[in-house]
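Reviewing the structure listed below.
Going in written order, the chains are labelled A, B, C, D and E, and every chain counts its residues from 1.
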Amino acid sequence: MNILEVKNVRAGYDPEVDVLCGVSLEIADMECVAMIGANGAGKSSLLKSISGIVKIKSGEILFRGERIDNLQPHQIVEKGIIQVPEEGGTFDTLTIEENLNISCHRKIAKEKRKENIETVYHFFPILKTKRNDLAKSLSGGQRKMLAVGKAIMGCPELLLLDDISMGLAPKVVEELYDMLKKLTNQLNVPVIIVEQIVEIALDFAERGYVMTQGNIALKGSSQELLQTEEVKKIYIGM
Amino acid sequence: MGSTGFLQSILGGIGTGSIYALLGLAFALVFGKLRICSYMHGDLAILAAYLGFLGFNSLGIDPLMSLIILIPAFFVIGYFIQVIFMKPFMDMEIWQGRYQAQVMVTWGIAMSIMAVEFMIWSGTYRMIAVPYRNTVAELSSLKMPVVHIMSLVAVVVVYFGLNLILKKTDLGISLRACSDDRVTAMLTGINYQKICAMAFGISSSIAVIAGTFFALTNQITPSVGLDLTFKGWVAVIIGGMGSLGGVIIAGLLIGLVESLTSFFWIPALKNAVLFIGLLILLVVKPSGLFGKK
Amino acid sequence: MPILEVKNLKKSFGGNQVFSDINISVNENQIYGIIGTNGAGKTTLFNIICGVFGPDSGQVIYKGQNILGKKPWELARMGIGRCFQTVMPFKSMTPYENARVARANAGKHSPGKELFTLDEIMELTDLKDKQNIPTQDLSLPDKKNVEIARALACNPDIVLFDEVSCGLSGEEIQARMALMKKLAAAGITVIVIEHIMVFIKEICDRVAVLHSGIVIAEGTPHDVSQNKHVIEAYLGGKEQ
Amino acid sequence: MDKKWLIGAGLAVAAYIIFMFSTEGGFAANFIAYICLFVIAGQGWNLLGGYIGEISFGHAVFFGIGAYTVGLPIGYGYDLPLFMLVICGALLAGLFALILSYPLLRVQGFPFLVGTFGLGVVMHSIFVNNKALFATRGIFLKSYDKYLLYIIIIVATAAVILFVKWLTEQNIGLSFKAVRDVPIAAQMVGIDIYRTKATALVIGAILTGLSGGLYALYSSFVHPATTFETSISIFILLGPYIGGIGTVLGAAIGSVIVILFQEFSRSVVTISGGHHLLLGLLLVTVMMTSREGIYPGLRKLIMKRLKVKPINKN
Amino acid sequence: GCGQSTESAPAPDPNETETTENEPLVIGSTFTLSGPVAHAGQMAFEGAQLAVKYVNEELGGINGREVVLKYYDDEFDESKIPMLYEKLITQDKVDILLSPYTSPFLAAAPIVAKNDKMMFCIAADSYVANDAFGQNIVNIQMDDQWRGGMWWHDVADFFANFEKWNIKGEEKPKTVAILNLEISYGHEVADAVIPFLEENGYEIVYHEYFEPMQSDWTPIVSKLKEIQPDIVFQPHYFEDCVRFIEKCKELDYSAPYMIIEGMGWDTLSWTNPEMGGLDPTVAKKGFFSYSVFKNKYESETKDYLAAYVAEKYNSIPGNDLLCGFMAVELAAKAANMAGSIEKDALVKVLTENEFTLAGYAYKMNATGGNAADFHWGVGQYIPEDINTADMTANDWFCVWPEMYKEADPVYPFPGWK
């Protein structure tokens, strides 16, 4: 059964202009899917419309067979769809612990808070040592860790990761993805990952979609996509 | 010039300043934290004062007692004003005219509140003649009305209360989160609109306190709401947006400027002096005395 | 002779050190490419060159003159044109008006010759038939075109293009490359930020690769793409 | 485009004049003159408030300077040609704005609003407290041929509307919009934001000053309370707001609506405070239904009726 | 309740020369019914309404026409005045104009009427209109050479002739502090009172203007405490007077002679907390003036004023009310006598005849200025320590102009002896 279905979604920031022009995709349970595409293709916008930040103009978004496109963002979070946004994702003026605690909005998350916080601290020990500092004082990579940690605290049933490698050194990216891999294995959640670094994304995910200008241009398994001429030429650049 | 009069003026200035500080705190919460411009807290304050007056005159309830009802009531009023009237403008960017829209809407509401007050109570000044109204506390030759002392205490209580809410409660943490980053907050599962509405409700409640103390030291008429609004705003701007302590100091400073201008110079120019001071501040430090950046 | 030189640039935002030491020198009439991962500081570099904010230390020398501390509008009048990565056209105006306001301000003052008339710019950027539609109604690629048109209308000596070709399809990219070459031929120095390596390889005379606060490689596109560090840090190692 | 405007404005002027002479008793005429003055001032405000996006709560200051430049020489017994004084008043208002732009334009948004409000308070205090400026007494002018004045005011209104329309289509007008739309990008095309804002402020002040000078002539009376009062600032800005800021026609229509509405509601609701309530509700309604104001809202509605399709990204 | 005409048919006026029209005659005005000084405006408004009722019922209207009051609320916003008067004249087509009562507006209002040669009744104290227009409009004004205020004359006169009134053998005061009102009224007061007092050997040690609604009097009272003037003059609107007195009480300040004008306008309100007044314990702490003369109860308007006041406030009308009343009364009486509301006829009648207004004699003087003799000053003298003093009638004395000395004054507080 598909955990998430996006059917023919149109969305945009301006009433007159569409950024997503009829996007359809589906994610099965326990699946890891990558979205790739150039800057401005609409990947983030897609994730935002799944999370309800951007209201869609037409089409449907179904989560476990239920329509969620008319819900408020916080209600969607309550359903278990949790996103790590491409920018921000952490609250500068809160301490790390507050950042983590504030992310428990689902009932189950509240119950499992102790347990989750241990998981987070286990995967990102640096957060534990700095837990009473303001998030302002974190480096870019640590912030991403915190953002991911916040998502874990929410007990996700579907994790949306938007460009979490952005602004991070390759080494950090590698570490982060290693961690993520372990995490997703441990947590057993489906993930949609948006990534600029195509190789990493396709390595991480089983399947992928390629977006161009608000449309899904290509889809297929990671291996297939990596072989495609177009992907090679445009996104990998070789 | 003897020092007693001077010190007495300072005390008076601090007393009136405490009311501006309270209003400033109300604005600092919604504007400083969530960038919601309100033009109507002064009028909410006066409305609360009128309700206190009504309670005192018809039922004999002490206005400080009626705060017990008014504070939650105005919390609800503020909450729904935000939900009904302000929500549509919350996702506008500042350059898209967010402030303009908010100013205009709240101003329209303020005008309506004022008009309704006129209809019910007319423009005649009203006074809440509580027994302790003119009671003063004395320290050698200096005197301070107990109401002023109470309003100063209220400032402190509100300040610490706000700090407590902001630092310790889930609501406060969510509020700070919302002021940090709206989108992230939503993605974290925080109900942004609700938090905004709560903040607006809280700030309306603070306005109630300000209004009640205003009525206990002054007479009230519907049109003073606008003055109070502006004094509160000046406090926020002088204090530096968002800095609660700064706003309090600025509020007291406004009271002092008014008082000392009257004492040393031409009383009719006290507003002029205040705003000239503000203009100078804008040149020297546009972000306010305690503002960052 | 270098028209633009960046020397020992340092910049950090709060605790986030974006540049630790950047040195770049761009010659006249070159097409100069800047690449680097997201967040490497490419846009920040442009912002510093344009005077949006200052660096912590270092120098930016334009036509032999240190331009640090100059206001953005002064720099625009000195002949630095710029396109934004996130498109920022003047939404309430038509494309033609966008260009016109640039011409009327920076264009009038800039020392550069008026290489193109506004009509020619509209032609060049493919906006001819849309020039009277309010910009907010245009599609994203068209908005990017408006950005380009606006930068060109400043009569610049040097133009900074921040990912103006992303989101374009193959043919469109060809056209864009042709445009860049045309500009270079007309005597404008061009600096481009792009993620599309094909594009960089095709048109750039020289390329700089920004990574973790420094320029890790500089040279012809070919050399750079063979560079070990670059492959590691930016291009990714798997393909090689 | 331009021609259509000229014809429209011409027709409006003709209609005004016909209307004016056709109603006996002259109330309509008086009223129209009054409205026209606010239209002029509103246009001045709109240059800054609508095109640059900074709300000013202090335009009464410029209005007052215009009026006092006409009034003061007469108060001191100099017999200077009045229309020259009106022009001088407008220019002085502009000069004053130029000086003030330095502190004021350093801040944006709400601080600017409060700053301009404060400016109004300061000027009011100064004028109301200064005997040399005929504080509280006011200055009485001779009364002039009212019909001539009406015509002058109406012609001036038409001229101002056309001028502003023309101006906003010039490069400088485009620069205003550029600064409002994306300040950072505006700098990148060589626009000096500060100077552009100052220009809008100064031209706007000149227009508002002109309106003030004409008002002095029209009411043959100059008094701080009828010129430097905050309520004047408020009525100056309400018009463009309700009509649609940043549009010439919208601002003009708005000024007409606000003044008409105000007088109308005053006649209809006799209960004290009633018309305030109506005005407040009008404001809330307009803002809630169409953020941009009546005129753009209507235009959008009509456009929607005509063609519905949103433009696709591709 | 008031201002409504009842069944009684208008009696035909004997002086009437023109044909009776059945259309009502409209008196137009603005009143400050909202804003900071709404109190005064409201009282004047009620006075005018009462007078309209009186004129319709007792005088049979004006020239047989029923009188109607058309008014707008000026919101204490002077900028609205020209437009509102313009509207009254041209749209509502009123026949007679009544000035606003609050003096800031006086200057602006007649400007509109000046070309229209209408009857313009000034209920307050403006001299300005006369200065500017002379008799261009028929300016029925209640005041004369003392531009500012009706009873300032008496107050100043009292101090000028201090020895005469000084039955207790007090020391003559020397220094005066004037806390003036920043409206034309205040300036008129200053212009008139200051030179007069100085001529009579008083020294003005403090003189400042205050906008209505001074937010805090603490610094002022502190200042007065330091300066220690013998006399404090405060010609203010009621609201500010209350606040000033309140502050004086708080800071325990009292000058030997405190003259608080606004207090005198209407006793009922300043003891009535609901109206913004002070509770009597505070109010007793002042030297204030009062301006109602007992014999008004013998006048023809007695029933109206007394009944109204009894019904509404259970007390005595103040000056604010009387001013509104008398202006309308005078207009009606003069017009009825002249048989028209034309300028020339009115001026003739007004300058040749004496009228009785609310029981007081009134005669317009020849210069075009107008005089009313109804104003009185009543002084209350405060003993050293008000709180401990045994308050009996002997502790208070009232000052009356010589010619009215025989009449019994009415005490400000009903309970007082």
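Here is the rule we use: contacts are C-beta pairs under 8 Å (C-beta built on N, C-alpha and C of every residue); 3 or more make two chains touch, one makes a residue touch a chain.
Predicted model, so just to flag it, every value in this text is computed and none were measured.
Asker: Going only between touching chains, how few steps reach subunit E from subunit D?
Answerer: 1
Asker: Touching both subunit B and subunit E: give me those chains, sorted by label.
Answerer: D
Asker: Where centres are the averaged C-alpha coordinates, which chain has the largest centre distance to subunit B?
Answerer: Of all chains, C has its centre farthest from that of subunit B.
Asker: Counting C-beta pairs in contact, which chain pair has more, A-B or C-D?
Answerer: Ranking A-B and C-D by C-beta contacts puts C-D first.
Asker: Based on CA centres, what chain would you say lies at the far end from subunit A?
Answerer: Ranked by distance of C-alpha centres from subunit A, the top chain is E.
Asker: Please report how many Å separate the Cα centroid of subunit A from that of subunit E, as a whole number.
Answerer: Centre-to-centre distance between subunit A and subunit E: 77 Å.
Asker: Between subunit B and subunit D, what distance separates the C-alpha centroids? Give it in angstrom.
Answerer: Computed value for the inter-centroid distance: 31 Å.
Asker: Nearest whole angstrom, what separates the Cα centre of subunit A from the Cα centre of subunit D?
Answerer: Result: the chain centres lie 51 Å from each other.
Asker: Of all the residues in subunit E, which ones touch at least 2 other chains?
Answerer: Residues 33-34, 182, 209, 211 of subunit E touch two or more partner chains.
Asker: Would you please write down the residue numbers of subunit B that are in contact with two or more other chains?
Answerer: In subunit B, residues 118, 122-123, 222, 266, 268 touch at least two other chains, as defined above.
Asker: For subunit D, jot down the residues that touch at least 2 other chains.
Answerer: Counting only residues that touch two or more other chains, subunit D contributes 128-129, 180-182, 272-273, 311-314.
Asker: Residue numbers of subunit B touching subunit E in their complex, please.
Answerer: 1-2, 4-6, 8-9, 11-13, 15-16, 57, 118, 122-129, 133-134, 136, 143, 145, 218-219, 221-224, 227, 255, 258-260, 262-263, 266-268
Asker: In the complex formed with subunit C, which residues of subunit D make contact?
Answerer: 171-172, 174-175, 177-178, 180-182, 184-193, 246, 311-314
Asker: Write out the stretch or stretches of subunit A touching subunit C in their complex.
Answerer: My answer: residues 14, 16-17, 19, 38-41, 136-140, 163, 165-170, 196-200, 212-213, 232-234, 236-238.
Asker: Once bound in the complex, which stretches of subunit D touch subunit B?
Answerer: Its residues touching subunit B are 53, 55, 102-104, 106-107, 109-111, 113-115, 117-119, 121-122, 125-126, 128-129, 180-183, 241, 245, 271-277, 279-285, 287-288, 291.
Asker: Which positions of subunit E touch subunit D when the two form their complex?
Answerer: Subunit E residues touching subunit D: 33-34, 72-73, 77-83, 86-87, 89-91, 93, 104, 107-108, 111-112, 114-115, 128, 132, 182-184, 186-187, 209, 211.
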